[in-house]
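Below you'll find the structure, written out as structure tokens, and then a few comments.
Every chain is named by a letter (A, B and C) in the order it is written, and numbering of its residues begins at 1.
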């Protein structure tokens, strides 16, 4: 992946086992979010191949990739602010619906069935993430921590196999991020998810993830279990600066 | 068509294209900074044309005085428009900003209609700009030389301003990155006002020249030239000053040649620019030279 | 709350019955002027609500509704005129075949008007919906201009600047109100479904919508087609209401009026569009006074053409700068809301 002569990602290679909780870390500008944008089809890789259960993702549009089973959250929360919390979760469900438009306009029994099912699923997700009390509020009016959680709920509504979380713990206090940690590992079990997450909070990643990939200037400098990564001299150098003085 | 005929049409096309270019510059300057199509921009042609009539016919001023006064007032009105209709909406959704621009445009046109009436007024073209001469069998109105000449001088002045002065540097910085410019301690509001003043003055020059070329002034005079100039700006890549000039010339020349080669199609003349716009956007949604129009901001 | 309910369906039927009764009364007791105002209001409700689908619900600034109204009006008018009438009015160039020999009953002509508008929306949807924001605005505006220029020049189809005269006044309050009800029901149905939620998601954050599996092009095209269909039908109704059409009827000015209505009502609110249509069409009648000569005893003040538009332009500016929500914001009427209110007052 390169931007006008500038390599944003180089030789990036990552294989995730089903059910894995994988952390993507690295200093600012290392290309972590770029990995997400490539995986979700917003950027096209210049070389290489992306596969999801053997299905090639190269060249597919973001909506198509989403429907194949990759969902994401955004670093700078991007909810549908004017829609209610419930509606936010309903949107991805529509993306997978096959209901013809005339049924919606004519309010056929098929429409009501589909609507009922979508609403049940949405309520269930809201309940699971303890967002039920806010269901009718505009998403933009939720406090920050709840917005982060709603983004996860919305991503789960897309029924992903692979969930990409971009700094889910950013801006949360220690208690909140501890709660998020247990929530994520519980969700991973319940929805049999594979999770790839970007995070700056080292404690968070080290506790939660089974494996880590460390990026620096678009290059993978380490890919291993947290304990091994922690002591890797190249990782320490990347975080502390080349001369080790910073 | 003979070579002489072709040359004749080319001269007409260049003079029309220069007018489009003058107006297109204003669109592109405002767009470069506010990312807004200033729908009311075309109406400043009409404002300047009427002001020209007042100066010349009502107050019997000598033409340089009348024209300079008309341009000064047009420039101020441009700044006033930004103050009243655009500045309060700077943090609003872009849809609102555009709607405000449309409202401002209708307001200007219909204020003119209310106060000046719908009947076209003749423009008393000063003698300096009138007349024509013949060279090598070609009929050349004096205006056809003056229009490109004046355009050229003004554009040269603008390029010097933008690329060789501190103000110009600040303007370019503002077009590039709004927040960083504000952080540098540059007065963003003053720069934006300046942009509108300059753009409106250029439109005003366009309006005066237009009124001498087609000496009937009515409240809706600026609508079509305005739209076409905007299309010229898109063709050249909006936000790009040189592109606006190229786009204006290309559009003007093509339009004149189309009518010359296919006289039966002259009724479709006003649709031509839009069809061209649709084709260009189909081929490349970024315009010919411009930035991406539909990018995902991630 | 959002569920199928016999109670709500019954209430809707009741309201429709009430409306019919009202129309019946109007038909027998109202004078021509009042009937005409009622008709105009209904046709503008159709236009405003379908225009609002693109601007308010999908959040794309579409500036070419006049084109679709014009297409519908010309199509329907050409189909209801008899071959003899057409031959008589096409003086400069004869009308092309098969339009010259074709004649259809009014309902079919209306439908044809809607379908032709939809077909053109489909053709233009591809270039138009590839761009966003200001570009979408200018391309749709351009489409409106192109259609106007065509209407002026295609003598053999439109009869040029002279337009079409002597159309039968088929548009009764039943037709105009019936179509308005149908439009509101369709677009309300669309809005309160997954499709409508997707459209609103695109309006709020297109990138996020794409990441959630929503195809913007598919949904915007759907909205564009539905909107064009009803605009086209409204054009047919308008033509047979005023019985004379010419290209000057369908300029950008029509778009401007619709824009004021939906901004006043609240972009995205169907209820707001209906309410604002009533306010603007009636206000427009009332303001007619300012453009007519005023006689006070021996003093005669001349009328001021353009003053109404000045007032409306000011209204638009004031709304958008100081009160962007419009009258109703994004609020929508529902029976549940009404029953809630009634209960609260009862207590």
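We take it that a residue touches a chain if its C-beta (ideal position, glycine included) is under 8 Å from a C-beta of that chain, and two chains touch if they have at least 3 such contacts.
Keep in mind that what you see is a predicted model, and the values were worked out from it rather than measured.
**Q** Based on mean C-alpha positions, I'd like to know which chain lies farthest from chain B.
**A** A
**Q** Counting contact pairs per chain pair, which pair wins?
**A** If you count contacting C-beta pairs, the leading pair is B-C.
**Q** Give the identifier of the chain nearest to the protein's overall CA centre, each chain being represented by its own CA mean.
**A** C
**Q** Averaging only over C-alpha atoms, locate the centres of chain A and chain B and give their separation in whole Å.
**A** The answer is 47 Å.
**Q** Take the average of all CA coordinates in chain A, do the same for chain C, and state the distance between these two points in whole angstrom.
**A** Their C-alpha centroids are separated by 42 Å.
**Q** Can you check how far apart chain B and chain C are, centre to centre, with Cα atoms defining each centre and the answer in Å?
**A** Centre separation, chain B to chain C: 33 Å.
**Q** Residues touching two or more other chains, restricted to chain C: which are they?
**A** As it turns out, chain C has residues touching two or more other chains at 207, 210.
**Q** Which residues does chain A have that touch at least 2 chains other than itself?
**A** Residues 42, 74 of chain A each touch two or more of the other chains.
**Q** Using the touch rule from the top of the page, what residues of chain B touch 2 or more other chains?
**A** 296, 298, in rising order.
**Q** Considering only the defined contacts, which chain A positions touch chain C in the complex?
**A** Those residues of chain A that touch chain C are 40, 42, 61-63, 66-67, 71-72, 74, 78-83, 87, 90-97, 99, 101, 104-107, 111-112, 114-116, 118-119, 154-155, 157-158.
**Q** Of all residues in chain B, which touch chain C in the complex?
**A** So the residues of chain B in touch with chain C come to 31, 35-37, 85, 88-89, 92-96, 98-100, 102-104, 106-107, 110-111, 113-114, 117-118, 219, 227, 230-231, 234, 267-268, 270-271, 273-275, 277-278, 281-282, 285, 293-294, 296-298.
**Q** Please name which positions on chain C make contact with chain A in the complex.
**A** Against chain A, the touching part of chain C is residues 2-4, 186, 189-190, 193-195, 197-198, 200-201, 203-205, 207-215, 222, 330.
**Q** In the complex formed with chain B, which residues of chain C make contact?
**A** For this pair, the touching residues of chain C are 55, 59, 61, 63, 124, 126-127, 130-135, 137-139, 141-143, 145-146, 149-150, 152-153, 206-207, 210, 256, 259, 263, 267, 304-307, 309-310, 312-314, 316-317, 320-322, 324.
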